[in-house]
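Here is the structure we will look at, set down as structure tokens.
So that you can tell them apart, the chains are marked A, B and C in the order they are listed, and the count of residues begins at 1 in each.
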Amino acid sequence: MRSSVIRSMGAVGAATYKEWAAYRSHMAVSLLVGPVYYLVQYFIWQAVYEGRDTLNGLTLDEMLAYFGIAAVIHYLIFDFADWNLQMLVRTGKFVTFAMRPMPHWLFALSQKLGHRTLGFWIEFVPIGLLFLFVFQVDLIPAHPWLAAASIALSFMMNFLVNYCVGLTAFWLVRAEGIRRVILLLKDITAGVFVPLSFFPEAMQKVLFFLPFQFITYVPTRVMLGEYELAGITLSAGEAVLMQLGAVASAWIVMLLVYRLALKRFTGVGV
Amino acid sequence: MIEVCGLTKTYLTHERGHTLKEMAVNVIKRPMKEVHAVKDISFTVETGGMVAFLGPNGAGKSTTLKMLTGVLHPTSGEATALGFTPWKNRREYVRRIGAVFGQKSQLLWDIPPIDSFYMNKAIYGVPDRAYKETLDHLTELLGVTTLIRKPTRQLSLGERMKCEFIMAMLHRPELVFLDEPTIGLDVIAKENIRDFIRSMNQQGVTFILTTHDLDDVELLARRVIVINHGELVFDDSISALRGQLGMRKAVRLSTEQPVAELHLPGVTLIKRHHDRELELEIDVELFPLKSFISHINEQYGILDMAMEPLPIETVMKQLYASEPRPGSFGAGSRIAASYR
Amino acid sequence: MKGLLTCFIAVMKTKLAEQMAYRSHFFLSLAMLIAGDLVVPLITLLVYRSGASFPGWTLHEAMLIQAVFTLAKGIAFPFFFGMVGSTLVHVREGTFDLLLLKPRPVLFMSMLSGFDPDDFGRVVSGGVLLAFALSGLPSPAALDWFIFLLLFAASVAVLASFSFIMAALLFRWVGSSRVYDIFDAVTSFGMYPGTIFSKAFQQLFTYVLPIGMIAFVPAQALLGQGEWGTAVMALAAVVFLLLGTVFWHRMLRSYTSAGG
């Protein structure tokens, strides 16, 4: 039973890998986009740090490392499960999945694994090397095993959050706008645009209890070696433990919403 | 009205690898393949004609039509339509032609057709009066006077196709290209659309029709052009197309006695349902009907018998299945010799 | 010319009617646009709140650049940017030919079919930002406003040219929505004071890829740092627009002579 699940996941992942390999030129755009964004950040923070050593507890080197690491992590955990799922629901194609012996969320997760395997070669490796050797970003984690665990957890967290956003399509068929707002807020509160320690103290307390920090902020801070938010300082190990708890809860929530969605699908026939 | 001479379209395309290794190599070097989509096609269409343009998928017919509508530039060859070279005088030319695609809607999905019509009026620069006259005429002819005020998404496919036709005819084109105009429609809707095409044709509009629906061809076209492997393989009237079948009939037969082997001149066994029920094809020139019936009746005893001319499908299957031939064929070449 | 104008008005009407068919969707995507436009200003605000700054620039001055950037998008995007999306869909689904069947210039038809009134929403976010920025600045003189408007037109031309280039790429690079990512990444240089970049980059963004023209140069005019000399830089924008148009037509030609 176990092995058959893994086999199906492998098959779905491999098919996705091949499907997307045909569009590798689309993916390779990241080789331009990633470094360009990093350059912008480089100039911004160079200017901002003029005449000062630290800003919100981070030195210039740490700040640049933050953006470099966040960018590289992005290529490992990138996800569009929300878009895919809402498209399946809107076009009525979801019905073909409702009839398969594999739950759709597992199918989507396998797809993401396949898609990111391709992204690993096309995006992560070349951009990582470029950042490491050309831009001299310190990408070597302080605690490699904890960093790997943290990135794996953020991979899951990103999937779970996006999949839940996609599941809203069962109730809100034409709400592309709402989903885009949620995803934008997700990126802001995950720390994609600026480290979360830049937000006002009160905001930081709210951000601490939202699931989004576990997508970008936590793994990036773990890579840097230490975690700090809302006045709470944690070691890398403690941060990963907290992340594990968050991912487990998010997984449970996703499964619950998934069950509700299927109930609605078979009951009302969205 | 349309004169096509030696029209040819060749293009290069990438070959995509299948294995991982091929794909890895493709990143650096992509093998190119030359595709001969259309090879030296010539024909003419007279004003007021109704020509069906047929061919299997990928035969080159849509490439030909794209060139005739000015969308695609040919590699070589010439064509004039309404006195223009379509791809050179595109703007003036398309002002006088229309197009309806069964699978590509020109109507805007979320708003009533009337609003889409109004937009086309502006794009084609149709004067107010002419617009109103044409619109009234067409909506009445198609019976959609009230429908055109409902959002397109609420219309049935049949209703929508009627509106697609209005959209394409508003600027009074002299030449209209139809691509699968009845695809997916129910029998009644098909009949409505065909009636409309016929009545527009009677008013002098020339139609070029591409379709896979042979009923469309039999009920509408007076002339048929068949393209296969980029070459013109048939160009003649629909009766000549039927003539390709010779004097052959399809026969379905039930007998009292089981029928074993049949060795009769001009008779081919198509299908044996069981030993007393058969489908045959007979060529009545080789084996007259009278003698066939009496022969079968004496030998086996006829219980029931149905006879029909061979469907046009049979010829099409033979035309489509033909292999690409070396060298090219000029206009009007027939399949006759090789077929009989 | 008059024909083109009637055409334009007719299409604009139908597009608005189309949008109104889904009012709630329209307002949501408007809200989304505004929220998206405010992300970079929010970060700028967070940086200044932390006591840091772009050297030589007050918060209001920095915000002014971002306001102009958003306003320029608010004017250029409804007219030009939509054609990127519509070309993407049309080429992928094989319906671009329908535009070629219309008796109007193809570039014009392409712009019309992509006309997107949603994007006017950016004028709102741009206006709010502009009002905020100007509230903390000495009010510009009439001449400054005049030079600003001239440079602002150049800014719209640069954005139009970017739209043409992106749409043209999509004739060949079928279905790649990533042209948007390229655009966002490359133009993100334009949202900050040009002085923070190295000299080489400043030259690049002024004369080669006139990204500085999108917001930085026009904003400088409003800060009283503009002069007739900077207006000459608008020429770079005009050349860029010309290049974009030529590129678009060349790609269209290759589209209509290739494929099958």
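Rule of thumb we're sticking to: a contact is a pair of C-beta atoms (placed from the backbone, for glycine too) under 8 Å apart; a residue touches a chain by one contact, two chains touch by 3 or more.
The structure presented is a predicted model; accordingly, all values stated were derived computationally and were not measured.
Trainee: Greatest Cα-centroid separation from chain B: which chain?
Mentor: Relative to chain B, the chain whose C-alpha centre sits farthest away is A.
Trainee: Of the chains shown, whose Cα centre falls closest to the middle of all protein Cα atoms?
Mentor: Centroid comparison flags C as closest.
Trainee: So what's the Cα centroid distance for chain A and chain B, whole Å?
Mentor: That gives a centre separation of 51 Å.
Trainee: Using the average of all C-alpha atoms in each chain as its centre, how far is it in Å between chain A and chain C?
Mentor: Centres of chain A and chain C (C-alpha means) sit 29 Å apart.
Trainee: What is the distance in Å between the mean C-alpha positions of chain B and chain C?
Mentor: Roughly 46 Å, centre to centre.
Trainee: At which residue positions does chain C touch at least two other chains?
Mentor: Those would be 22.
Trainee: What does chain C use to touch chain B in their complex?
Mentor: 3, 6-7, 9-11, 13-14, 17-18, 21-22, 93-95, 97-98, 100-105, 109, 112, 256-260
Trainee: In their complex, what parts of chain B are in touch with chain C?
Mentor: By the definition above, chain B touches chain C via 9, 11-12, 35, 37, 60, 62-63, 66, 69-73, 87, 90-92, 94-95, 97, 99, 101, 104, 106, 108, 110-111, 115-116, 118-119, 121-125, 151.
Trainee: Touching residues of chain C toward chain A in the complex: what are they?
Mentor: Within the complex, chain C touches chain A at residues 22, 25, 28-29, 31-32, 35-36, 39-40, 42-43, 46-47, 49-55, 173, 175-178, 181-182, 184-186, 188-189, 192-193, 195-198, 201.
Trainee: Help me check something: in the complex, which residues belonging to chain A touch chain C?
Mentor: Residues 23, 25-26, 29-30, 32-33, 36-37, 39-40, 43-44, 46-52, 55-56, 174-178, 180-181, 184, 188, 193-194, 198-200 of chain A touch chain C in their complex.
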